[in-house]
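In what follows, a structure is listed as structure tokens, so that the remarks can point back to it.
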Amino acid sequence: MAEQWIKPYGDTQDDGRVQLSFTLPVPLDEVSKEGARRLALAMGLDEPAVVHAEDMGQGFSFYVLYGQSKHRIDLSTIQVAKPEFEVLDKEGVNALIAEKMGRKMVVVGACIETDAHTVGIDAIMNMKGYNGHKGLESYHEVRAINMGAQVDSEELVARAIEERADVILVSQVVTQKNIHLDNLTRLSDILEAEGMRERIILVVGGPRISHELAKELGYDAGFGPKSYAEDVASFAINEWIKRKAA
Amino acid sequence: MAEQWIKPYGDTQDDGRVQLSFTLPVPLDEVSKEGARRLALAMGLDEPAVVHAEDMGQGFSFYVLYGQSKHRIDLSTIQVAKPEFEVLDKEGVNALIAEKMGRKMVVVGACIETDAHTVGIDAIMNMKGYNGHKGLESYHEVRAINMGAQVDSEELVARAIEERADVILVSQVVTQKNIHLDNLTRLSDILEAEGMRERIILVVGGPRISHELAKELGYDAGFGPKSYAEDVASFAINEWIKRKAA
Amino acid sequence: MAHLQLDQARIDRARNSARRIAGRVFDDMDRSTTTTVERATLRLMGIDGVDENQVPLPNRVVDHLQEQGLLNRGAALAVAAAMNEQGWTAQQVAEAVAAGRLVLDGGGDDTAARNTADALAAQSCEHIAAQRAQRAALIGNSGENGEVAQPWLYLIVATGNIYEDIKQARAAAEQGADIVAVIRSTGQSLLDYVPYGATTEGFGGTYATQENFRLMRAALDEVGAKVGRYIRLTNYCSGLCMPEIAAMGAIERLDMMLNDSMYGIIFRDINMQRTFIDQFFSRMINGYAGIIINTGEDNYLTTADAVEAAHTVLASQMINEQFAYLSGLAPEQMGLGHAFEINPELENGFLWELAHAQLVRQVFPDASLKYMPPTKHMTGNIFKGHVQDALFNMVSTVTQQNIHLLGMMTEAIHTPFIQDRFLAIQNARYVFGTMRDLHSEIEFKSGGLIEQRAQAVLAETESMLAEIERIGLPSAIAQGMFAEIKRTATGGKGLDGVIAKAPGYYNPFPKRMLQGGPRHG
Amino acid sequence: MAHLQLDQARIDRARNSARRIAGRVFDDMDRSTTTTVERATLRLMGIDGVDENQVPLPNRVVDHLQEQGLLNRGAALAVAAAMNEQGWTAQQVAEAVAAGRLVLDGGGDDTAARNTADALAAQSCEHIAAQRAQRAALIGNSGENGEVAQPWLYLIVATGNIYEDIKQARAAAEQGADIVAVIRSTGQSLLDYVPYGATTEGFGGTYATQENFRLMRAALDEVGAKVGRYIRLTNYCSGLCMPEIAAMGAIERLDMMLNDSMYGIIFRDINMQRTFIDQFFSRMINGYAGIIINTGEDNYLTTADAVEAAHTVLASQMINEQFAYLSGLAPEQMGLGHAFEINPELENGFLWELAHAQLVRQVFPDASLKYMPPTKHMTGNIFKGHVQDALFNMVSTVTQQNIHLLGMMTEAIHTPFIQDRFLAIQNARYVFGTMRDLHSEIEFKSGGLIEQRAQAVLAETESMLAEIERIGLPSAIAQGMFAEIKRTATGGKGLDGVIAKAPGYYNPFPKRMLQGGPRHG
């Protein structure tokens, strides 16, 4: 592919302009201000300007800077990991499940461990859905079981076994101190230990989740913001068909 | 001096958190979003997250990111150039001029070349002053001549000669495309050509002016935001005394 | 002042329904106690500390009593009896039980045990009253008075580490915060014990422990003295240990507590009976300690739509108000919660926010209303978010709210960084200052859209409360009438901690703390 | 609608003073012409292009006539006479003069020359009228009508490079801009000629050239068709070449022009007589071309204090209004300027902004008010700045302004980056949408602080105008009554371009462009 180098844009092609703000854990003075400027230099910003500097009390100070990024990126070299499937609408998904599986697809979902943010998983699973996109409960050919908030991984796996689930959907919203990584790893370890991992389609979603991250964690797919039921359902049936064929 | 390494601070010492925003000159898609993230990586930010990405139309897209700066700065190594003098109040300045010069100090000021932003130079020179700090016109021992906006460098120098000025004050506010650097260089070249440079105390001020920059340009001092008449007057008489002694 | 024409008779009818709804729940629940009520009782009687497995001694004793089948007469009696018998302090009794050196059998002279329990309770109440008096003194000294610029600026810290929290809280106070809330670690609400000691490892918040309370209280007193204001400290009196946290907060002079009669049921799937019993006892402690409670109606709007569900907020506030009266709280201690959560894309959304906030203000003229910032519709666009917060600030000052939780432009991203808080305070101070007297300078058009909206919400509230009165609060919750979440009377966590009281059950605190008995609203 | 009680008699008295002030200046100035008025006349007659030194041919011809002592009879006559004599076009005459091949001597038949000039003027006016009609047609097609959501969003581009400007202007239009203004390069206002061709090297703005106008017009027409709106184009009809820019703008279908009767005098130290003559002629062209002028009172508040000097804004608007009537403008073409420039730290500053904006709205109910964002009190704190802009947006919608110049959070830092503009539009759209009907839903307390403030400003305006009427406008300016800047009648740049008209002076445009003669306000 042809190279496609780009830089940030302020008001002229390749001027590289970026805006930056941060706090330094020192009171404001000329030295700390210069320190802020040097940090920007270290980040590879040319002609960085501290356009605002303010003391915050208790030994902290706040800075706003603008500078010109030296860095540029060749977009043509970027490959974004994406789950490969065609997004069908609800009817399309139902038809495909009926055709290929000949039975309902069983989907068990939950917010696991300490996470209690159910709005995201509800958006995917509950009848009502989100932003006008109906949830999985409204799909004829899906049996959707939403276990809700703060479900222990063990409990989720037990339920998946009990229901003979095809798909597990996990939601993780709290990411502070990377707690979601611990939680997600824990779940996949348990599945592994139960010998379930191969049999299940394992999907995670949440505002800070990307497909790439999900793959790294050993999940089959990851869905970020603005995902809807049809996205995950299309992925799931697609993956089911692929595995069946393999 | 003891080393004093610091990093930006979000909510924990040395977490390095910084906020970043910029535009890329490409439409929004998964690749451009990843491009934005890689730019942050290139700047030395760990775990950069694109927390907002929005298409702006016409082939541009906007990004907000947070990341953790790898870079740190040792504040103890930073020396900030500062004009060395004690800031006196108006009475102190008047007394010192009377004592040491035995005549009024003559100060000619202007916004030079295309720059018409007089509020800054007026703040320093006009009777009324700024933020409760009276201007040079109100100093008994100063003859202050404010030539106003868009004054050609030649005109300013001619006037300085005519008035036998001790000090020239220049204000530069417009900095787009670094036009202030051109203007300031032009003025000092003319002074040089007239053989005036040694005889005059040459001072520049403006919102993007630092003492460091002024020195680089061959000026005697530079004053940034929140400067007042007493700062520049104290510097000027101090410098006058120093030169006299030399 | 800006004022809406509202039908007072309608307000009265709604309030009467709420009174009967709360009264009925109270009567039903008065027959049981809970493990955490008993642990709170023991804490107030002076039992603290953990065993070698970090299990708190109040848990060890209460578990022991449960095993012995004695908890239904109240933990206070059994412990007091052992004290009398052994000549020990309550703490010594607890340590002996934990060490397996002592088995409590409920034996001994009941009257003597009661007296001992009463004496400890009196001592405990004295301490709490002294803390309350000190708060009043500190507020008095700081020169704060009725004329202090309202609304109070309420900020959260949530680093997970109490020492970082302290740093940030101090900075926030210097920057202008009036109230600092330490957010709890994700998941603490479902722990059936209270962690112990200073903690540095929370997720999305810092554990609520008595030591953490103490450390933060001291830090805020110190910075408060420096800035010449009394800085109020807030924590979460919520979850499976609500009464214990109330006890700890009363002892350590917290000033505000998140404390809702239904939040745990709806948002944490805690059993209904457990919650109602716990909230009554915890709220009583808060009332006695002079603590302002903050109710959680704002949360409804994070799952339900803020326009469609506006009346559920008001209905819930009325129920919370009546539960508060039952626990002895004065109106000024009622930080009834609501929020600015309408979709920013909705045309005229700002008008509806004004209508809702003003309605609540007029229905509860003496309450210390707690107004929550936009959260659900905040996005990663921090610039737009900062403007959403500015409009929220504006509604708050125009409708004269009391407790103003500062919105963070990074709401959709992370728990606040120090600069987020700094900028949020600047935002609010700017808006409050530049609009200082706006509230008394503008009027809502009589019969206009704003007034009509407020009247409509009030009417819906009245019918909702009438319906709840008809079916009872548990059924209403079971039907998902709040936050679109359904919970049943026997579902949820913590039902195993609900214990029917036996004849002779004794707890020395209610009669002291409720002095004049439950108030009536 | 929100409404203030104002004394109409006071408004009438102030307006009458302003009428007499403007009339007197007009009568005094009608005796002279200026070099740029004559160059504009030649441009309208079809002369364009530059010589080998990049000097525009209109300048070459006018300089030549000045040398020949012929300019005082008007450039049109001399050129038309030469056309008649040589059988050339105006352009051919100009080229010959520039090449030194032709000396204009003013000889020939005056009546024939007048007829030729009249014919060219008629043709020129036809072209301008056709442009005006096309604007109307394009607006009609776009479906825009009286009900379009006001205020119009006005954005600036200022890259210095017309091609970058076009990129940014297109993006801005897609994002929702209704008006795009191309800021001029720093210093162009003091050039005594208009640069030529497409330019890519400006500082803080892009040169105003006819080619740049044309390029931008075409780009905006194209993107306008795409987004289904007519995008208005604005430039600066200001400085030493005001009339020529008006001519170029009329020819290229600009829609708005910054055009003030005193701005150049005060802020660019341009001679007073020069400015008054130029502004009359340029404004006449704008009037005829259906262009909305924007006056510059907002600038006063960048040097003077916005509270203390509020009445100087209103007084100046009244004078600008009367000058506009004298040049034949309709009220809808009067974009009278004012600004949101009160110090954000001032307690109740927002109330005074509301009072000022509403006062102006009521005094000029039919004008297309131009409301300018905070600039002076913007700082490098972009976050706080974004909130300042939000409150400005709010005052604009509540007081129903017409032309809304978007505030940029980076105002104190740089001319706008593309993202600054994007975020500014988001800010305004959010505020305008969420407060859609707020203007008709709130009322200002009768006799309250806001109303009192408006009344006080009106009273001060009346006395200021009475005083100016007494001493005359030139003396008022000499005393620094506007923006605290003093200018004398014979000081400033460009006085050498003022030429007393000789008997027989002729200009073919006023009688065509002023059709019904000067209007009366």
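To keep things simple, chains are lettered A, B, C and D as they appear, and every chain counts its residues starting from 1.
The rule we apply is simple: a residue touches a chain if its C-beta (ideal position, glycine included) is under 8 Å from a C-beta of that chain, and two chains touch if they have at least 3 such contacts.
Fair warning: this is a prediction, and the values are worked out from it, not measured in the lab.
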Note = When B-C and B-D are ranked by contacting C-beta pairs, first comes B-D
Greatest separation from chain B - chain, by CA centre = C
Request  = Express in whole angstrom the distance between the two chain centres, defined as the mean CA positions of chain B and chain C.
outcome  = 52
Ask   = What is the distance in Å between the mean C-alpha positions of chain A and chain C?
value = 33
Ask   = In whole angstrom, what separates the CA-based centres of chain C and chain D?
value = 59
Message = Counting only residues that touch at least two other chains, what does the list for chain C look like?
response = 381, 383, 412, 414-415, 417-419, 423
Remark   = Listed in rising order, chain B residues that touch 2 or more other chains are 9-10, 13, 17, 19, 21-23, 49, 54, 60
Query = Can you list the chain D residues touching chain A in their complex?
reply = 158-159, 161, 164, 168, 379-383, 412-419
Task = Give every residue of chain A touching chain B within the complex, in rising order.
result = 4, 6-10, 13, 17-26, 30-35, 38-39, 42-45, 49, 60, 69, 71, 73, 75, 78, 80, 82, 208
Query = Can you list the chain A residues touching chain C in their complex?
reply = 21-23, 54, 56-60, 62, 113-116, 118-119, 122, 148-150, 174, 176-177, 179, 207
Chain D contact footprint on chain C (complex, rising order) = 2, 344-351, 381, 383-384, 386-388, 390-391, 394, 409, 423, 426-427, 430-431, 433-438, 440-445, 448-450
Task = Spell out the part of chain A that touches chain D in their complex, as residue ranges.
result = 9-13, 17, 19, 21, 49-54, 64, 66
